[in-house]
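Here's a structure for you.
Here the chain labels run A, B, C, D, E and F in written order, and each chain numbers its own residues starting at 1.
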Amino acid sequence: MTHIKVINPNTALAMTDAIGRCARAVASPSTTVTTVSPSMGPESIESHYDEALAVPGVLAEVAAGEREGVDAYVIACFGDPGLDAARELAMGPVLGIAEAAMHAATMLGRGFSVVTTLSRTVGRAWDLAHRYGFATACRGVHASDIPVLDLERPSARAAVIRLCAEAVERDGSDALVLGCAGMADFCAEVSRATSVPVIDGVSAATRFAESLVALGLRTSARGEYAPPRPKRYSGLLRDFTY
Amino acid sequence: MTHIKVINPNTALAMTDAIGRCARAVASPSTTVTTVSPSMGPESIESHYDEALAVPGVLAEVAAGEREGVDAYVIACFGDPGLDAARELAMGPVLGIAEAAMHAATMLGRGFSVVTTLSRTVGRAWDLAHRYGFATACRGVHASDIPVLDLERPSARAAVIRLCAEAVERDGSDALVLGCAGMADFCAEVSRATSVPVIDGVSAATRFAESLVALGLRTSARGEYAPPRPKRYSGLLRDFTY
Amino acid sequence: MTHIKVINPNTALAMTDAIGRCARAVASPSTTVTTVSPSMGPESIESHYDEALAVPGVLAEVAAGEREGVDAYVIACFGDPGLDAARELAMGPVLGIAEAAMHAATMLGRGFSVVTTLSRTVGRAWDLAHRYGFATACRGVHASDIPVLDLERPSARAAVIRLCAEAVERDGSDALVLGCAGMADFCAEVSRATSVPVIDGVSAATRFAESLVALGLRTSARGEYAPPRPKRYSGLLRDFTY
Amino acid sequence: MTHIKVINPNTALAMTDAIGRCARAVASPSTTVTTVSPSMGPESIESHYDEALAVPGVLAEVAAGEREGVDAYVIACFGDPGLDAARELAMGPVLGIAEAAMHAATMLGRGFSVVTTLSRTVGRAWDLAHRYGFATACRGVHASDIPVLDLERPSARAAVIRLCAEAVERDGSDALVLGCAGMADFCAEVSRATSVPVIDGVSAATRFAESLVALGLRTSARGEYAPPRPKRYSGLLRDFTY
Amino acid sequence: MTHIKVINPNTALAMTDAIGRCARAVASPSTTVTTVSPSMGPESIESHYDEALAVPGVLAEVAAGEREGVDAYVIACFGDPGLDAARELAMGPVLGIAEAAMHAATMLGRGFSVVTTLSRTVGRAWDLAHRYGFATACRGVHASDIPVLDLERPSARAAVIRLCAEAVERDGSDALVLGCAGMADFCAEVSRATSVPVIDGVSAATRFAESLVALGLRTSARGEYAPPRPKRYSGLLRDFTY
Amino acid sequence: MTHIKVINPNTALAMTDAIGRCARAVASPSTTVTTVSPSMGPESIESHYDEALAVPGVLAEVAAGEREGVDAYVIACFGDPGLDAARELAMGPVLGIAEAAMHAATMLGRGFSVVTTLSRTVGRAWDLAHRYGFATACRGVHASDIPVLDLERPSARAAVIRLCAEAVERDGSDALVLGCAGMADFCAEVSRATSVPVIDGVSAATRFAESLVALGLRTSARGEYAPPRPKRYSGLLRDFTY
């Protein structure tokens, strides 16, 4: 029995529930998926500032997961907040949803487009594409300028779907990546509206995390991802002493 | 029931059997793994020439697989021969083992080393690292100078394992990629000899291919991977013995 | 007396004849140019699949050329199919026409545009630009969406010439590369329609190959391009009609 | 009167004092330098985990600085933690010390070496070199494997100085960057031991920040660095509601 | 007392005066700024040819400056002509204005646009962006097609300001770099017309040069920037009027 | 009858003679090769300063060549001084010897090494490799630390040949590029000492220039290489003796 903990780094519980449904829908029967949201942090992540404040909560959930025997983690925000730090804490694999989605996209086509929320997050998406090695494969990042928490409105949904179809045409892409965990359940509709594979990172990360566990692979404990050295952490963040 | 066809592009049947065992060992219970070797092609792949002559056989197996209802394919040679062409033929996902192994390695560490067979294949490994976006993550490609078909000799095995340990140290890598399908069953031993995750591409590709199928994702049929236009192909391709 | 063998990798003999005329028109008086088409392979090359099936025929022609004392080879298809493998077989230089054209273009201007046939071949052209080091110098690859075998129709010719002029403007390029061996005899007309140097790879490759021979230079026999190790190649390669 | 706030992201007050001395030593007479350490966070920063937990404290200090009329900020840790988020909060310039040191190094020589503390921080230094555009100019990052808080021991100091001299030779560098705020006062000694310019990021960032203010330049308020949207932040991190 | 020599590489004295005013306006009270124009060279620099003929005059001014005890130099032409050679001659720092402006821009935003004069200089601006490491941060170089010596005409000024606003929108940039020393006094007006930081390289280079001197940093005298070996230089360089 | 003017940018006439012999040895019977040295400039080129002072002389020779009806030019110094400016002046092709040698090397092997003179010129060689697109293909640049004018001493010759053999081994290269026009006649000896193709840029550039002329190709007169705008150039350029 594999236990995967999917962490929604923001505190919007309705979004956490939707993420959980998407993750469970693709997991193997023998996999348990737990979905959580940290007790601290921003209600949505739409800036470097939001992301920075979400990370301690994500790390607290990973630390708790290690005590609970979790096998692998998914960080379910398209900025992949805290990914490196989480890998230092976790024995098993940790995947970000941008990371997983971009990996999957390059297995299915030569180039992909990303559709995201606010235009101020476009730079972060490109940073991640560069970091993961997909700066060439990523042919465009397109902002809908719809805030994360408005994504569930029908008009927003329609606008995102329209933008997805346009992005594929404009970029000449072979695949489309949904650039927000809040779009996880848009997959089927976007697929119908475009003629290309549409990748939701929550599903992809869940399934890839499960695969890495099945392959007997863990996060490297050598070098950069070795557990942090024990030390004193002061102030409000005392829960984090490792 | 998912059907994955693992194609060993060379004609060495003992190697095909070993590859099949590795693939089946990691596949889900609900997945059927078929392993084949083309009836034509070189007995091992150690040059661009060998690779070029192996590709038609790989493509024939993919074309047959499409008629048989195969869901996904694994090309089980570390040069990933014929990957683009196979994707034009296949509806479902097609993964190369170098591709899958490099993807997996970057999910577990910041940098990886590759250990391969003859030094003349080092350039091909680097080409693939560049193509997949991992030219920075790949910190070194190391040749054992042991021919593919000699890998099963105990002394060869020991030499490869030694080289793996050295490669990790020399490159300061966090993960190790086995650079030949003929090393697929070295994983456990190499893991014991190094302190890092060791990735065999046959296993990784099998499991990732299965994941993509589970996610409902197929090779893009738009643009570059659309089915080839029907046309006349002349003549018999015979007598390539060098 | 230098002997250059120009290999048209497809089986369209009219195209082979046109290619031969272009090559001979630029060769030195002391150079013999032989033009051939393999007896097997696709009638045109417009996909990775076509390219993969053309390569064995190209290699058979190179192997025959070595027995005949050929001094250098030109692979006259803009995808440069089989270039690495051909270099393993040949003692003398082997040049692809995309390679030669891109090299020439960067000697004459700071950036060049490529005009090609079907849009599905655009990715291959970019791959080659990356491989040869010209990803920055190449400012655009433009598809006319005219199949290779239709290029000789007057309307097609006019459309290609129009696209060439547009490409130079849109990309702000200093030079233009004709992206198909079937356009080899468009050079003069395209030159008149644009204000930039227009490079046909067949001519450029023929002349550069001749130059390398005159310089006493051969393909490196060290490392990656050393002759392939002798080994068993099984079976007949037949029935690839898609 | 320009007011620059230098933030030591860890809670080691002796280090904060030393950083303050270095910053004040190079500031113009008309510049006020305030040095602070957050009330929360790790006592030293030697992992992604430490860095992640230091960032909220850094941001609290920037937010406070905005209320106090600070003109520019220096983040005095070589990982430049929280730089993007701090820029979203601040009207004036914000500089990281790795950023400033690398910029300065490239103005004085063609290539530079970095000497840092633990080897697990080498990856972060390279990430920053890539981010700032100096991946080619940075010729090597060398770890002394001395923890941050041990740097003041005389033996550690001597070891760092020795490593600096070796790094310049090994890399053939023209300049040397001190890779930790805890090395800020090593500059003179390292300069004597090597024949190249030695750059301490604390000094460089202080002086460059002052320059940007003098030039009338502020952090861009357009696009990615615009102030974060107001929203609810839950839990322990309530002080951060923007 | 720091002495900075600002060299206008062309012979247009009105431009030299304007450059001097901009440099002095931002220098510290304790800094002396001398502005010169070589007695030989082109009246404006708008081609590689002009630049090549301006360099000897720039170097003569640096050589003279060394005899006069100058502490640092600014080369006030956006092509940064002779920068490497000047660094070989000078003990103190030498900054080009394109270099300084691009460095400053990346400290204030994630991406910048450049607005320049003739379109034939666009390639040079990109070359410099590549050389300094800012090829990704530079999102566009836009030519106004106004010759350098016409910049002071009111209509030209208005056209440049309009183009600056357009460039920021088109490129989605966070900062704007003025791509000619002749635009040094456009800063305030362009700032009003755009919502982003506007950087004039003359001011930025003056202030950064002053900072490097204050930090006790000099051009590296090791390796590539060591003083040239003494040797014989023949002949008079005369009559380059094209 | 094609007329190629080979310009040795330094004033060492013995070197000019040797360069001329090498160029004529490879030119076609129908090609006239003229070799010149400017009447002004440094006696050897071993720094950015030397190179800057050599350029006006090179340009004077190109300007004279245009009046004489020269068809193509070779700039016979491995730093390719003045290449862009010369292309603005010349109607026909202009090739640098580093450029031509690197192009040829990549046609014969996957990676090449360069052996040069003083270590201070290594950076310039890398700059050119980057500019021409060969930063990946160039696997190493090795300095012999023998000044240009000492190359003809037998001991120097032997040392260069030894270094060439070492460079190929150390870099795992397939080809070797001689990094100075003063090594043009070392080709045969170095070839005997290494097992790889050895490329002298003087010969390669001469032959490629001839090829471009035969192909009817000229330097682009559009955009960046258009003739410079006529303007006033002031003063005499004299007395640069360092």
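We adopt the following convention: a contact is a pair of C-beta atoms (placed from the backbone, for glycine too) under 8 Å apart; a residue touches a chain by one contact, two chains touch by 3 or more.
In this text the structure is predicted, and so the values were computed from the model without any measurement.
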Of the pairs B-C, A-B or C-F, which one shares over half of its contact pairs with A-D? B-C
Between C-F and E-F, more C-beta pairs in contact link E-F
By Cα centroid distance, the chain farthest from chain D is C
Please decide if copies chain B and chain C contact each other with the same set of residue positions, more than half shared, or with different positions, and reply same or different. same
So what's the Cα centroid distance for chain D and chain E, whole Å? 28
Take the average of all CA coordinates in chain A, do the same for chain F, and state the distance between these two points in whole angstrom. 52
Going by residue number, chain B touches two or more other chains at 110, 119, 122-123, 172, 223-224
Residue ranges of chain A in contact with chain D within the complex: 11, 38-44, 46-53, 55-57, 59, 82, 84-85, 87-89, 119-120, 122-124, 127, 130-131, 147, 223-224, 226, 228-229, 231-237, 239-240, 242
Under the definition above, what is the set of chain D residues touching chain E in their complex? 26, 28, 93, 95, 99, 103-104, 106-110, 132-137, 168, 172-175, 195-197, 199, 203-204, 207-208, 210-212, 214-215, 217-225
